[in-house]
Amino acid sequence: MMEWIVALCLITGVLFSFFSALGILRMPDAYIRMHSSTKAGTIGVGLIMVAVALHFHDTSVISRAVGIIAFILMTAPVAAQLLGKSLLMNNYKMWRGHQQD
Amino acid sequence: MMQWLLVMPIFIPLLTATACAFSFRKQSLSSVISWTGAIANLLVAILLIQTVISNGLQVTAFGDWKAPFGIVFVADLLSSSMVLITAIIGIAIVLYSTADLRSKPFYAIYHSLIHALLAGVMGSFLTGDIFNLYVFFEVMLITSFGLMVLGANKAQIDAAVKYVVLNLISTMVFLLAIGLLYGATGTLNMADLHAKVAELPDTTMMLISGLFLFGFAIKASAFPVFSWLPASYHHLPSAIVALYAALLTKVGVYALIRVFTIVFDLVDSGYQPLLIVIAGLTMLTGVLGAASQFNIKRILSFHIISQIGYMLMGLAIYTPLAITGAIFYIIHHIIVKANLFLIGGFLKRKQGSDNLRELGGAYSAMPWLALLFLIPAFSLAGFPPLSGFWGKFLVIKASLQTEEYLLAATALFVGLMTIYSMTKIWAEAFWKPLPENAPAPVTLSWKENCLYITPIAALAVITILIGFMVEPIYQLAETSAMNLLNPQPYINAVLGGDSISHTAPLSANGIAGGSH
Amino acid sequence: MEFLWCLVVGLMTACGVFLMLERHIVRFLFGMILVSNAINLAIFVAGRLTRGNPPLIASDALLPAAGYANPLPQALILTAIVIGFGLLLFTLLLAYRAIKELGTADMDKMQHAETEQ
Amino acid sequence: MTDIMGFAINFAFAGLLAGLALAFIRLCKGPSLADRVIALDLIAFITIGFIGVFTIYSNATAFMDIAITLALVAFLSTIAFARFIMRLPQSQSDEHSDSGEKS
Amino acid sequence: MNLFLLNILLAFGWMLLNGNYASTDFTIGFVVGFFALLLTEPFRNKPHYGRKFLAALKLLVVFLYKLLTSSLQVVWDVITPTHLSHPAIIKVPLAVESDLEIMLLANIVSLTPGSLTLDVSEDRKFLIVHAMFSKDEQSVIDDIKTSLERRILEVTRD
Amino acid sequence: MSSIIFRTSAHIVTVLMLVFSVYLLLRGHNNPGGGFIAGLIAVIAFALLMLAETTDYVRQRLVYSPAAFAGSGILIALLAGLLPLFFGQPFLSGLWWGKIGSPLLFDIGIYLAVIGSVLMVLLNVEEELS
Amino acid sequence: MQNPILKLWLAFCTLLPLGIFLLIGASYKPPESLFYWSWIPSLDINFSLRLDGLSVLFASLISGVGFLIQLYAVAYMKPYKGRAAFHLYLTLFMLAMLGLVLADNLLLLFVFWELTTLTSYLLIGFNHEKEISRKNALQAMLVTGSGGLAMLAGLIMLGEMAGTYSISAIITQGTSLVQHSWFTPSLLLILLGAFTKSAQFPFHFWLPGAMAAPTPVSAYLHSSTMVKAGIYLLARMLPVYGDSALWFTLLCSAGAFTALWCAIQAYRQTDLKLMLAFSTNVILGQLVMLIGIGSSYAVTAALLLIAAHSFYKAGLFMVVGNIDKATGTREYHELAGLRAVLTISFIAALVTAASKAGLPPSFGFLSKEYLYKAGLEFGWLLSGSMLLANAIMVALGLLIIIKPFLSPHHEKAAPMKAIEHNQLLWIPPIVLALLSVVVPVALLNWYQGLVIDPAAAVMLPDTQVKTVKLWEGFNLPLLLSALTLILGIVLYVVYPRLKPRLDQLMSGLPSGPGVYQHILNAVIKLANWQTRILQHGHLTQYSLQFFIVLLAFLGTALWKIVLWQVHPLPSIELDLYYYDIILAAFLVIAAFVVVKARTLLLAVAALGTIGFLTTMVFLVYSAPDVAKTQLLVETLMVVFIAIVLRHLSAVNSVPRHSTSRRLVHACVAIGIGVSISLALWIITATPMNQEISEFYAQTSVSGGKGRNIVNVILVDFRAFDTLGEAVVVVIAGLAAVAVMAGKRINKLVSESTRENR
C-alpha cells in the first residue's frame, strides 16, 4: 500500500516538475515562465520529497525531506520576486496585457 | 624527536606566516616575527641535516599512519640539504626585504606570504607522497601568485596574467598525472609506487611519466615550455624575484629528479633521449635569450633557464656522477642566483633602473659591491674555483663519460655565453661611467646599506665556501645521487616504518660550516 | 561503465582546452573551470566507479557494506576541488584587475610585460 | 524492488532528465538574461528531485544531505544573478548585450 | 521572548536533523541556535507565538490547497496548445505592515494561483503583483486581500 | 536590492544555513560533511546576508575581521596537529577524549579558515565593485 | 703617497714577488713536490704543487719579472685613481700564474688557468671608463675563455684516459695513451686552449687589443707571463702528445704562420706598443713551432727564447711606457729626440732592442742561433719563415731606437718632459737590459744547469741536450743570423716606402677583431631572432605552444599503444543505465554550450548547469561528500562571477582568432581530449589495487573513530593534505584580495568594518 502511495507521489511530482520545465520552454514571456517554474517546480519537488519521506519512514530522512520542502517554500517565491523585480526595473516588455504605473 | 624535527620545517613557517598576518598594523613587530621565524627555520634545518648525516634517513608518518596508508615526510640527505639551503635563502630574503620593501603598504602580508612560500618549498622537498607533493606545489603556486600581485602596476599585472595562465596549465596536467598514476597503481606513496610502477606495461608508464615530465618541465622552465618565466620575473620586486629564482624552478627540477628516480626509472620510462635534447635546448635557448637582453633582471631570468638546462642535463645523463652534478648545481645555483637578483635590486634601488643602458659607474661608486657582484657572477659563469664551476665540471665530465659529445659541447658553449652575459652586466653597470642624463644615485642610510649588503655578502661567502669546500658537498651530492639511483634503502626505510641508517657519515663540519 | 566517463572527461577537456586558447581572458577562465571539472572527474573515474554505495559505515557496523565505493579518490577530489576553487577565485579577480588596469580583456593585447621600456 | 516502484523510479529518472533537457534549451535560448536564470533555477530544482529519486533508488539516505545543500545554495546563485541583472544598464539586459566578444 | 521560542524551535530542528533526541543534542542545538541568532538578529518586531497556532494551521491548509490548484492551473496552460493567460501587473494595497507579514504575504501570493509578487513599493503600501489571468484587476486584488491577507493577519496580530 | 521580502527571508534562511553548517561540521566525521563543506555553507549563509543587507552589516555581525577568522582557523588546525607531539605521537595523530578528539579540533580549524578566507574575498569584492 | 695604508699595501705587493722569487731560488732542488693538500679526493682533484725544471723557469720569471713590474707600476700608476686595486689585481694575477705553472694536477692547473683569464680581464679593462678598454677586455676574455672551456673538455678526456689527474703521473705514462680513441680529440681540445691563450693565429688578435691596458700590464701579462701559459702547457704536454704527427704538423704550421703573419702586422704598426704587441705574437709563434718540433735543439732554443723574450720585451714595454709618460703619445711619427729626457731609458732600450734584434752577445742572439739550429734540422721552409720573421724583428728594433731617440727634436714632434727623476721608472728596465746581456755572457753555465737541463729532462725525458755555448764558431746558423741582420736593415731602410704598400695590400683582408666582431654580432643576431620567436609576448600563442607540447607527449605514448598494438586495447564494457548516458550527454552538450556561448552570462549559466550535472554524477557513483563540495564550490564560483561579471563585460569587445587559427586550436583540443580519454580508458580497464582503501575502510571506525570514511581520510589518514589545502584556500583569499585591491591591501585585510577606515 505504502509503495503505491510513494509511487503516486513520485510520479505526480515528476510530472509537475516536467511540466514546469515544459512551461518555461513554452510560455510566451519571462513573467509567465516564472509562474510555471515557481509554482509547478515547487510542488513537483515537494511531492518527490514527500515520496522520499514516506519511502524511508525514518526520522532523519523525514526531517530532511520536511526541511527541504519548507526551505523551498520559503526561497522559491523570494527568488522569483527578485527576478521579477529585476525585470520590472529593466522595463521588460510583457507578452500581452498591461501594466499599472 | 624525529616526529618534532621533521614537521618543523613546515610548522614554523606556517606559524610565522600566521603570526605575521596577525601583526598587520605593526611593521616592526612583523619584521621581528619574520626574522625569528627565519632564524628558527635555519636552526631546525641545521639540526635536521645533522641528524640525517649522523643517523641516516629519517621518516615521520603523519597521524601515525604508516606508509603507504598515510602521508610521510622523508628526510634524506638530498631533501634535508635542500631544506637547509631554503632556510638560508629565507633568512637572506627576509633581511633584504626589511630594507627593500619596508616602505611598501603590503609589508606585513608580504612577510606572511614569504613564509608560506618557504613552507610550500620545504614541504615539496620533504614529502614522500605524490599527492601531498601536489598540495605543496599548490601552496607554493598560490603564494607566488599572491606575491606577484602585491602592489602591482600595469606591467606587473600583465606579467602575473602570463605567469598564472601558463602555470595553471602545469598544475592541471600534474593533477591529471597523479590521477592516472593512482588509477594505474592504487597508491600515492612514492616508495610504494616504485615497485608498483615497475609492474605497469611500458606504454602506460610512458604515458603517465610523460605527463609528469611535462608538468614539471613547465615548473622547471625547460625548453620549450619556459615562456612564463622571462615573461614575468623581471617585473617583480627584487627580493621576491630572488626568492622565486632561487627556489621555484629548482623545486621543479627537484621533483623531476625525485619522480624520475624513485617513482619512474628515467631509462625505463623511455624519455631519456628526449630529456637529453630538452636539456641541451634549454641551456641554449636560455643563454641566447639572455644575450639579447639589456635589463639585468631579464638577463638573469633567461639565465635561470639556461642553468636549469645544466641540471636537467645531469638528470638526463642518469649516471651517479651526472646526478651528483645536477644536485651540486642546484645547491650552487640557489645561492648564486638569489644573490645576483639581490644585487640587481640594490642597483635598482640606488639608480632607479635595472636597464643596463641607464646604469653605470657602480665600480667607482661602490667598489665593495663590485667585488660582491663578481663572486656570484663569475660563479654563475663557471669560473673555478667558484661554486658554479664544479657543477658544470661534473655534468660535463659525466656527459663525456657517456659519450654525449654534442651535449658536452653545448654545455661548454653555453658556459662561454654565460661569461658573455655576466661580463656584459659588469661592463655596463659597473665599469661604464654613469650616463650623463642619469639621475644621481640615491644615498641610503648606514642601516639600510647594512640590511642590503649583509645578505648579499653572506651569500657571496657561502658561494666561496662551496667553491673551496667541494669535497663535503660533493660527498653529500654523490651519496644523494647513489641513493636516488639505488632507492631500495629509501623504500625500505619508508615502507618499513623505522628510520634506518643507510648513509655513510659525512664530515659534518663541512656542511654546517657552509651555512654560517 | 568507466568507458562512457572516459569519453566525457576527454570531451570536456577538449572543450576546456579550446576555451583556454581563446583571447578573451574570461573565456580562458571558463576553460579552466571546465578542465578542472574534467580532471576531477578523471581522478574519480581512475579510482573506478561504484553505483549507489557510498563509503559510509552504518552506526551499528564496523565495516562499510560490501561493494562500497573507493573512498580515497573522493578524498583526493575534495582536496583538488577546494584547491582548484582557490586558484580559480584568484584567477577571476586577476582577470578583473587585468581588464581594469590594462583596459582590455584580450590576452594577446596584454603586451606590457615583454616590451622593452 | 517491486514492479511499481521500479516503474515509478524509471519514470521519475526519465521525466526529470527530460525536464532538465527542456529547461536547458530555455537556458540556451534566452532570450533575456532573466530567462536563463529562471531556467538555471529550475535545473537546480530538478536536480533536487533527481537526488530524491536516487536516494529512494539506492537506499542510501546519506544523499539527502546533498539535496538540502542544493536547496540552500541554488537560492544564492539565483539571487546573485537577479542582482546582476538589476544592476546592468537597461540597454544591456537583453540579448547578447553582455557579450565580451565580437562576432 | 519570541527569540527564545525561536531558539527552542531551532534546538528541536537540530534534534530532528540529527534524528537523535537526547538531551545533549538539544543542548548543542540550543547553543548553536543561540549563536546563529546572535549573528543575525532576524526580527525587529517580535510576533507572539502560541495562541495563533490554530490560525496558522488554517493558513497552511488554505495555502497548500491553493498551491495545488495553482500548479494545476499552470500545468493546464502549459499542456494546452493555446496560451490562456491575460497577464497584467497590478498594485495591491497592503494592510499588513511588519516585515514578516509582508514577506509571508508576498511569498504566499507568489505560490498561489495566477499571481506572482514582483516587488513591494518603496512606501510599503502596495504589493506589485503579476497576475496571469486578470480579466478583472479588482477581483484579483480582492482575492488576495480576503483569502490570504486576512488569514495572515489573524496569525500575526493579537 | 532593498527588497523587504528578500531581506526578511534572508535573515531566516541565514540562520537555518548557519545551524545546518554547524551540524555538518560536527556530524561530518560520521556522515557526509566536515569542515570544508560546513565552512562553505556558512560562507554561503553570510553571502546571502551580505546580498540582503550590506557588507558592513555582515562585518559587524562577525565582530572580528574575516582575516582573523582565517588566521585563527589555520592556527587551530596547526595546534591540533601539534598537540599529539606532546604525547609522543607524530604530528596530526588523532587524540581522543571520549567523543571529542583532535581531528574534530582540526576540522573546526579548517572550518574557520574556509569561512574567514572566502568571506574576506567576498566582502572585499562586494565593497570594491559596488 | 700620503696614505700610510696604501704605502704599506704597495710595499707588500712589491715585496711579495721578490720573496717568492728568493724562496724559489733558495729552495729549488728539482724535481720535488712542494705542497700537497687533498682538496677534492673523490674527484682526484688535489692541491698539489710541484717544482721541476720547467716550472722553475716559469715560476722564477713570473716572480722575478713580476717584482720588477710591481716596482715599475708603483711609479707608473701614481696618477691613477684605483692604483691599490691595480696592484691587487696584478698580485692576484701573479699568484694565479704561479699556481698554474706549479700545479701538478690537471684540474688545479685549469683552476689557475681560468683565474689568470679572470684577473687579466680586470687588468685589461682597468681603464674602464674608455669603451675600447671594456671592449678589448671582453674580447680577450671571450677568446681565451672559449679556448679554456674547450681545454677543460680536453683535460677531462686526458685525465679519464690516463686514469689520473696528476700531471706527474700522466707524464710517466709517456706516449702510451696514443692508442686511446680520445687521444686526438683531447689533443685538439687542449691545443685550442693553448693556442687561444698564447695568441696563435687565428686567435692572435686579442693580444694587441689587450694593449688598452696600462703599460705595466702589457709588460707583464703580454710579454712575459700570461701569454706564456699556453707555451707552458704545450711544453708540459710534450711528453704525452709529442710523438704524434698531428702535434708536429699543427704546432709547426700554426706557429710558423703566426710568426710570419704577426711579424708583418708588427711592421705595419705606428704605435710603438702595438709594434711590441705584435712582435710578442711572433715570438709566441716561434715558441709554439719549437715545441712542435720537439727536438733537442728545439727544446733548448725554446728554453732560451722564453727567458730572453721575457727580459727584453718587458724592458722594451717599460721603455715605451716611459715614452708615453714623457710625451703623452706612442705614435712613431710624433716621437723624436727622446734621448734628451729619457737618457737611462735610452740605454735600456738600446740593449733590449739589440736582444730583440738578435745582436751578439745578447740573449736574443743566443736564442736565435738555437732557433735556426732547430729549424735547419727540418729543412728550409721552417728556417726561411723564421728568418723572415726575425728580420722584421731587427727592423722593428731599429725603428724603435733610431727615430724616437736619436733623431733631433723638431717642432712637429710631441713635447717632452723629464720623468727620470723617479728612479722606479728606469731601474726595472735597466735591470732587464742588464740581464739580457749578463745571462748569455756570464751566467750561461748556471742557466744550463739550473734551467735547461732539468727542464729539458721534463720535456724530453729520453734525450740528453747539448751544452749551450754563446760562440760556436762560424756555422750555418751564424750565417743565417748575419743574413737576418742584413735583411732587417734593408727592411728598415725601405720602411717609409714599403709600409704604405703593405697597408694597401692588406687593407682588403679580414682582420681578427673584425671577424671576432662579426661572429659576436651573428650570435647576438641569432639570439635576438630566437628570442623574438620564442618569447614573442603573445599569451595565447604561449598557451598553444604548451598544449601542442602536451599533445606531443600524450600522442607519442598513445601512438605506440594504438597503432603498434603494444598491448591489446581493452574491450568496451558497457554496464550503463540510460540515465548515465543522458547525464553524460548533457555534460558534453553543456560543455559545448560554454564553448559556443556568445554571451558571458550564458556561458556562466551553462557552467552552473555543468556543476549540477557533475554533482549528479558524483551522486550516482556514491560520492556524497564530493557531490556536496562540488555543488558548494560551483555555486560560490558562480556567485563570484556574477558579482564581477558586470565589470568583465563592460570592456571593448575582444576579437576572436582567425578561423584557421581556431581550427588549429580545435585540432589540438580534440587531440588532447581524445588522448586523455584513451589514457584513462586503458588505465581503468585493468583491475585496480584497492589495498589502501580497504585499509581505510577497516580502520576507519577503530582507528579514526569515524564512520564517514572520506572524512576520516580528510581529517586523519591524510589530514596533512587537508592542512595544506586549508593553507591554499587562505592564501588564495589573501592573494585574491591583494590582486583586487592593489595598494590598499593592508586595509582591506585587517579591518573588521568599513567604519574603521
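Of note:
Letters A, B, C, D, E, F and G name the chains as they come in the text, with residue numbers starting at 1 for each one.
Keep this in mind: a residue touches a chain if its C-beta (ideal position, glycine included) is under 8 Å from a C-beta of that chain, and two chains touch if they have at least 3 such contacts.
These numbers were taken from a predicted model, which means no experiment stands behind them.
Counting steps between touching chains, the shortest path from chain E to chain G takes 2. Just to note, of B-F and B-G, the chains joined by more C-beta pairs in contact are B-G. Between chain C and chain G, the centres computed from C-alpha atoms are 48 Å apart. Each chain gets one centre point, the mean of its Cα atoms, and the points for chain B and chain E are 62 Å apart.
Taking each chain's centre as the average of its CA atoms, chain A and chain C sit 31 Å apart. Separation between the centroids of chain E and chain F, computed from CA atoms only, is 30 Å.
Counting only residues that touch two or more partner chains, chain B has 14, 21, 24, 62-63, 131, 135, 138, 142, 145-146, 149, 152, 157, 160-162, 165, 169, 176, 180, 183-184, 230-231.
Contacts with at least two other chains are made by residues 13, 17-18, 103, 106-107, 117, 119 of chain E. Within chain G, the positions touching two or more other chains are listed as 535, 537, 539, 543, 547, 600, 620, 622, 624-625, 628-629, 632-633, 635-636, 639-640, 643-644, 646-648, 651, 654-656, 676, 680, 683-684, 688, 690, 692-693, 696, 703, 707-708, 710, 714, 716-722, 725, 727-729, 731-736, 739-740, 742, 749-750. Going by the touch rule set out above, the chain pairs that meet are A-D, A-E, A-F, B-C, B-F, B-G, C-D, C-F, C-G, D-F, D-G, E-F, F-G. Those residues of chain C that touch chain F in the shared complex are 54, 56, 59, 78, 82, 89, 93.
The touching residues of chain D, counted against chain A in their complex, run 2, 4-5, 7-9, 11-12, 15-16, 18-23, 25-26, 32, 34-35, 37-39, 41-42, 45-46, 48-49, 52-53, 55-56, 61, 64-65, 67-68, 71-72, 75, 78-79, 81-83, 85-86, 88, 90, 93. Of all the residues in chain F, the ones that touch chain E in their complex are 3-5, 7-9, 11-12, 14-16, 18-20, 22-23, 26-27, 49, 61-62. Residue ranges of chain F in contact with chain B, taken from their complex: 67-68, 71, 74-75, 78, 81-82, 84-85, 88-94. Per the touch definition, chain F reaches chain C in the complex via residues 30-32, 36, 114, 118, 121, 125.
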